[in-house]
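The next block holds one structure in the form of structure tokens; read it before the comments.
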Amino acid sequence: MSPDATMIIARGLTKRFEDRVAVAGIDIDVRAGEIFGFLGPNGAGKSSTMRMIGCVSPPSGGTLRILGMDAHREGPAIRARLGVVPQEDQLDWELTVRENLLVYARYFGISRSVARRRADELLEFVQLADRANEKVDALSGGMRRRLTIARALVNEPRIVLLDEPTTGLDPQARHLVWERLFRLKQRGVTLVLTTHYMDEAEQLCDRLVVMDGGSIVAEGSPRELLERYCTREVVELRFGLDAPLAELADKVTDLAERVEVLPDRLLLYVPDGDTTLPALHDRNLTPTSVLVRRGTLEDVFLHLTGRTLVD
Amino acid sequence: MSHPAFGALNYWFVQYRRTWRSSLFSTLIVPTFYLAGIGIGVGGYIDDDYAGVGYLAYLAPGLLAVSAVQTAVGEASWPVYGAIKFNKQYLPMLASPLRVIDIVLGHLGFILFQIVFSVLVFFLTMLLFGVPQSGWAPLAIVAGALTGMAVATPVYAAAANAKSDDTFTVLNRFGVIPMTLFSGVFFPVEQLPALIQPLAWASPLWHGTELARVWTLGMDSALFVPLHVAYLLVWAVVGFYLARTVLTRRLVV
Amino acid sequence: MWVSRIATGSGAVLERNYMVHRRGLIAFLSGFCEPVFFLFSLGMGMGALVGHITLPDGRVVEYAVFVAPAMLAVSAMNGAVAECVFNVYSKLKYMKLYDAVLNTPVTPMGIVLGEIAWALLRGGIYGAAFLALMALMGLTPSAWAFLALPGVVLIGWTFAALSMAGTTFIRSWQDYDVVATLSFLMFMFSATFTPLETYPEWVQLLIQATPLYHGVTLLRGLTTGAVSFGLLIHVAYLIAVAVVSLIVTAYRMGRALQR
């Protein structure tokens, strides 16, 4: 397979459960060697998509080809070359750290001697070598996550699927995970991940799709998404309690590409915040506080998927 | 204001309201079939006048005590272990004004309720089979409750102390099963080798069986009743203090 | 292809269980004490009360000789149920062990067969010890008793498969009670403690429908030496239950795991 080959192709991929549609016909192309991200609020269909790509959940419609094989008919053969880091670690509590890797390798039919060698290498890679003989209970959340990543690599997969790889980890642990994932990419492994951390998406992803209600609402590199759906800067204006924000917003619409009214403040999407401030002053608007910041992926995300809580 | 342990007790009852149906089936039918299967079935091959009352009547009070022990072990093992390890029901209780002793009392109160319930069902089954032969017979329920608590409190302590479920495997194999088989429920302790007999006498189930038998059948060995009662109480009380000590060590760290 | 895949998968599942239980050696060894207690209480206690009992072929034997093979069959049943209902359900539901396994090439059927193989391995070891003890205590008057060991494995297989099928129907741990009650009823009434003829005719029909009855009768025939071609009926029944259960399991386990 050539290096720029498409690792995952989905066309009209659909997942229906009895009472609802989780994934409503999406198209995806994941290229070899890239880090591809699924962004979206809870219930957007990210995990269902990941489970279908992982060949543990049969699609209800559409086509899904992974590594050139049909996901529905050739599940075991595809799974043999995938690594999966599930949302819940699903580690084996009754085994030690090292045994978790040994046993998992055996599920792939890897010989005991190769399994032992890889287990030791991988424990080094995720910095758990000194914990090899402890039970999983004794590990911290970050360590369990790293062990789960090591477990996903035991079959030397071409593609690694990571469902919310750093949810619930402290900043140190997150950065360590990111750094290890980046090394995998350098080794040519294709990574597909879901997240609802925008910084994670910005740090890691070459390309990403934003999902909402089972559909893809935007697609591109983080930079492209920023350019398309956000401005370079955002001005946040707060006024006193009970200020008529909607009326105030009318007075500034022409100053910004877009104005958003939040319960406690106005957001002005502008190319350059510093030129906006004098204009506000000219109109006798006196906010109690002003914050000029860069536009982020979070702005893009909230713009695309809305600010209402989904669950 | 009521004792704080009632708060903990209440928790278990609230949960019980959702799940009681699931154990009702076995609580109701197991005693009947036990008595029919062994008492009448096997009893049919045993001398009609066994022990002067027939095998069914000899066996039934012992099985009542066994049923108390089984409920006690069942309710004081996994649910306690789970409450510490998986479901973490004790931690929020401890975050309220409840003390460890209240938590233990509350949970044991609930276990007592279940023991009494299963013993009561067993007693009614005995009535159905026409076993009771004495006006004192309803006291067999007390005998069952005492036997159950004598076993429940030490098992509670063991469960609170357990690091893995191997504890229960060992407890069952070396505690519950031999105790059930050799405590004079199915055949008199005197049939055992002399060396082993003292072990049987030490088991709470033997005392519970004797009590239940004396009260159900109105036998003349009533002299020992206070001794049996006292012995069972000692187990229950010592077990309770052990349970409290162990649970304190597990929860208050 | 799929055969070797299932073999790899079930082999790995078996290996995993071995790895876990290697550490619980004491708990494993303690399992050998159970038959000692049971046989002891039979021989010493109940046996003395009941005395002798007449076998279907008219021979009169000690009660312990009559009941011991039944206890052997019951222990094979209990071992398989414990492993394939309680342990498997907790791995399925609480430990989420199989979710991780299914991300590998291992298929649901590979898991099922691996767990059953493990149950048979354990059951076979315990069964052999039980049988050896029976022989030592003089409870196996016939040399055919040797064949009781494969018989035990067969009973284990039947109940392991039946348990697996049952596990796919369990909704929560509260259903354990139903499983426990059903095994108790079989334990009590599968001609275990008294001959089948003790019961009214309509109850006999019910009893003859239970797999444990066929297991008990098979083992009793072998250990007491009442061997005839009729025993093959029991073998056939046990195999039939196992096969039907496996088909049900194959159909349902995949759905339970790969939604």
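A, B and C label the chains in the order they appear, each numbered from 1.
The working rule: a contact is a pair of C-beta atoms (placed from the backbone, for glycine too) under 8 Å apart; a residue touches a chain by one contact, two chains touch by 3 or more.
Every value quoted in this text rests on a predicted model; they were computed, and no experiment measured them.
**Student:** Can you list every chain in contact with both chain B and chain C?
**Tutor:** none
**Student:** With centres defined by CA atoms only, which chain is the most remote from chain A?
**Tutor:** Chain B.
**Student:** When you take the mean of every protein CA atom shown, which chain's own CA mean is nearest to it?
**Tutor:** C
**Student:** Where the CA atoms of chain B average out and where those of chain C average out, how many Å apart are those spots?
**Tutor:** The mean C-alpha positions of chain B and chain C differ by 28 Å.
**Student:** Can you work out the whole-Å distance between the CA centroids of chain A and chain C?
**Tutor:** 48
**Student:** For chain A and chain B, what's the span in angstrom between their mean Cα positions?
**Tutor:** 54
**Student:** Quick one: in the complex, what on chain B touches chain C?
**Tutor:** For this pair, the touching residues of chain B are 19, 22-23, 25-26, 29-30, 33-34, 37-38, 41-42, 44-46, 50, 55, 86, 164, 166, 169-170, 173-174, 177-178, 181-182, 186-187, 191-193.
**Student:** Over in the complex, which chain C residues touch chain B? Could you list them?
**Tutor:** Answer in residue numbers: 24, 26-27, 30-31, 33-34, 37-38, 40-41, 44-46, 48-51, 53, 63, 94, 174-175, 177-178, 180-181, 184-185, 188-189, 193-194, 198.
**Student:** Note which residues of chain C are touching chain A in the complex, please.
**Tutor:** 5, 8-9, 11-12, 15-16, 19-20, 95-97, 99-107, 257-259
**Student:** Which stretch or stretches of chain A touch chain C in the complex?
**Tutor:** Per the touch definition, chain A meets chain C at residues 17, 54, 56-58, 76-77, 79-80, 82, 84, 86, 88, 90-95, 99, 102-104, 106-109, 151, 155.
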